[in-house]
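The following pair of complexes shares a single chain, subunit A, combined with subunit B in the former and subunit C in the latter.
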Partner chain A sequence: MIEFKNVTKRYMTKTALRDVCLKLDKGKIIGLVGLNGAGKSTTMKLIAGLVTPTKGSIEIDGSKVTRRIASKVSYLSELDEYYSFYTVQQTIDFFASQFADFNKDKAEEIRAYMNLDANTKVKHLSKGNRGRLKIILTLSREVPVLLMDEPLSGLDPLVRDSIVKGLITFVDTEKQTVLLSTHQIMEVEMILDEVLAIKDGEIVDHRNVEDLRYDEQQGILEWMSAIYE
Partner chain B sequence: MKTWLPLVKKEFRLGLPIFLLSLIIFIIGVAVVGGIGYKFDHILQPIGIFGLVWGAGHFFFLAIYMLYSLGSEKKRMHLWLHNPMHASGLLLAKLLTGTVYLILSLLITSLAAYFGGLEVFIELSAASWLKIGVILSIHAILFSLDLAVYITLAYILFLLLERYMPAFLSGVVVFFGFWVFNGIYFGWFPLTKFYEVITSWGMIDLGNFASSMNFENNIVNAMINFQQDFKIYAGMYLFEAVVVTVIFFITSWLLDKKVEV
Partner chain C sequence: MTDTFQSSQPIYLQLADRLNRQIVSGELKPGDKLPSVREMAVSSKVNPNTVQRTYRELEASGIVESRRGQGTFVTENEEILFSTREKLKNDQIEHFIQVMHDMGYENEEIQAGLRIYLEGGRSND
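And now, the complex of A and B:
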């Protein structure tokens, strides 16, 4: 379980997150939605231990989050900078060497599914293929928490579709919690269990998608419109 | 070790351009000074002198290597720091690969300088050249490591300050801070009584070093005078080793706990 206890994050004069209290349960795919600059990436980085809270604390399964929480968290950054001198296979091998939980068989399975050539140098990959590589590297880790910051951003519809299908196929929802931020709500709506809305650094709503759909007869987009307009 | 060695392998690949650049500059330098020397019928001596100067430049090799390597990671910090390994392991992998490249580059430079002309320019026995080479190389490596650790701390401080000010200003603050520190630590501090008390033990006798060599008389005298004026103590080496180790762990702690992506 991921728990935020009164977390505030300030960057000089700008408050990115304001006194956030939050509990995210195990085994869910959770969408983090919000406008640009709302605090989505900061939330992801805080859970990954790549930034530290100005106030409050974050715990994953009872352990305080530090940079070394990387042993429990697989983080997909919105940036797609990798070591350009490596090939796809060498990048996978390097990740496998750094994380004891990295499943190379699963990586090979996802790579084949994503139709990504193992021998292509990373520097020669298109944006879409770099997006696919990010997915391979993130989903191949057998960790309790998967964080995906804008995994669909800037990709063409075919790549987005293969990534969403990859998520359904390769995430172990029994053991893994997935938190993904995206602006492509329509494309991920069908795979989300919960949705979190963030606005000006505050969590303004946290809903179960099924409840939203059946009890309130609303899709995520309509629910978002009510929040942000 | 199981995760660290592949990281070291990656660092070798990441840092390769600095090693190659050092070699290329050396080869171009040798070609240029050799060409100029050829015009004056002295092809070997300039190459030997250039080799000596370039070898001395290796004092700065590791600092430049660390700046390049850390700079390369800056645009992919999310990748470099998203690792369960302690930050000291991440930094040590860079320092180790840089040191290996430094030794290789120094070896190539020294051999080229020796066979290229230094041996002809200054007549010394092979044993004396070996002795000089080993002593200078060890000191080039130690000094280079020492400086690299200070530079790494400066770079991490630059990353920290960047959170609070524009990158340019952070660079300026760290640059001036570094020179103020240098002035105090390497200029003023060694002149204090305290430094003398804690380091002036275990004098290293260089007495036989100069006279064992087959230098011309005036060079021997100059070296003997130098040895009389400049005393070297084991305490100096130990003190600096302790300081650098402490600085390395402070740097690692800052990278682990304070640097943000």
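And now, the complex of A and C:
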């Protein structure tokens, strides 16, 4: 379980998150939505231990998040940050050497599933294939928390579809919690257990998606437009 | 199984409904094994947790049975198969009658219209 206790994050004078309290249960796929600059990436980076709260604290399964939380968290950044001179296979091997929890068999399985050639150099990959590589690297780690910052952004519909199917196939929903931020709600709405809406640095709503449909006959898009219009 | 779901209704119920219809129509036969949770999630492109909930729901109604270590199977219990068949029929009739009443049709008109339709001559005038 991930827990935020009164977390505030300021960058210089700008407040990115304001007094956030939040509990995310194990085994859920959770969507994080919000406009650009609302605080989505900051939320992810705080869980990944890449930035520290100005106030408050964050815990994963009862232990406080620090720089060393990487052993529990797999983080897909919205940036590309791989060595461009490596091949796909070398990148996978490099990740395997860095993380003890990296499952190379699973990586191979996902790579084959995603139809990504092992011998192509990263610098020669199309944007879509770089997106696939990121998914392979993120999902191959056997950790309780998977964070994916805009995994679908800027990719064409076929790639987005293969990534969504990859998530359904390779996330272990009995053991792993997935938090993913996206603007492409239509693509992921059928795979989300919960949605979190963030607005101006505050969590303004947190719903179980099936309950939302059951209780209010609303889909995520209707729910969002009520929040953001 | 790639039909899309309505985003404003619970997916687990829509999926349960779909499976019930497949059982009643015979597309899924008594004793057939349902796909595993993961397979069903991938083929219908929904969250595995949702499929789990659908299977739980169907199991509670008795139309499927889970056998330890083997998976989930369509029941061979004829009573349950029959009552499911009846239930789906009654649900459709109820829905149809509701719509007709909302539009102001009387029972006699509905009955007469149904009889003519089912006997082959469509009354369209």
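Just so it is clear, the second predicted complex is superposed on the first by the 229 of 229 C-alpha atoms of A that agree within 3 Å, B and C clash if a C-alpha of one lies under 4 Å from a C-alpha of the other, contacts with A are read in each partner's own complex, and residues count from 1 in each chain.
By our rule, a contact is a pair of C-beta atoms (placed from the backbone, for glycine too) under 8 Å apart; a residue touches a chain by one contact, two chains touch by 3 or more.
For clarity, every value in this text was computed on a predicted model and none was experimentally measured.
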item: Which of subunit B and subunit C A:Leu32 touches, first, second, both or neither; value: neither
item: Subunit B versus subunit C as contact partner of A:Val122, first or second or both or neither; value: neither
item: Which of subunit B and subunit C A:Met12 touches, first, second, both or neither; value: first
item: Which superposed partner A:Leu152 touches (first subunit B, second subunit C, both, neither); value: neither
item: Which of subunit B and subunit C A:Ser77 touches, first, second, both or neither; value: first
item: Touching partner for A:Gln217 - first (subunit B), second (subunit C), both, neither; value: second
item: Partner chain(s) touched by A:Thr169 [first = subunit B, second = subunit C, both, neither]; value: second
item: Touched partner set for A:Met190, first subunit B, second subunit C, both or neither; value: second
item: First (subunit B), second (subunit C), both or neither touched by A:Val65; value: neither
item: Contact set on subunit B toward subunit A in their complex; value: 2-3, 6-7, 10, 13-14, 75-79, 81-87, 163-164, 256-258, 260-261
item: Touch list for subunit C against partner subunit A, complex; value: 5-13, 38, 41-42, 45-50, 53
item: Subunit B contact footprint on subunit A (complex, rising order); value: 11-12, 45, 48, 50-52, 66-71, 75, 77, 79, 81-83, 85-86, 93-94, 97-100
item: Partner subunit C, residues of subunit A touching it in the complex; value: 27-29, 164-165, 168-169, 173, 189-193, 210, 213-214, 217-222
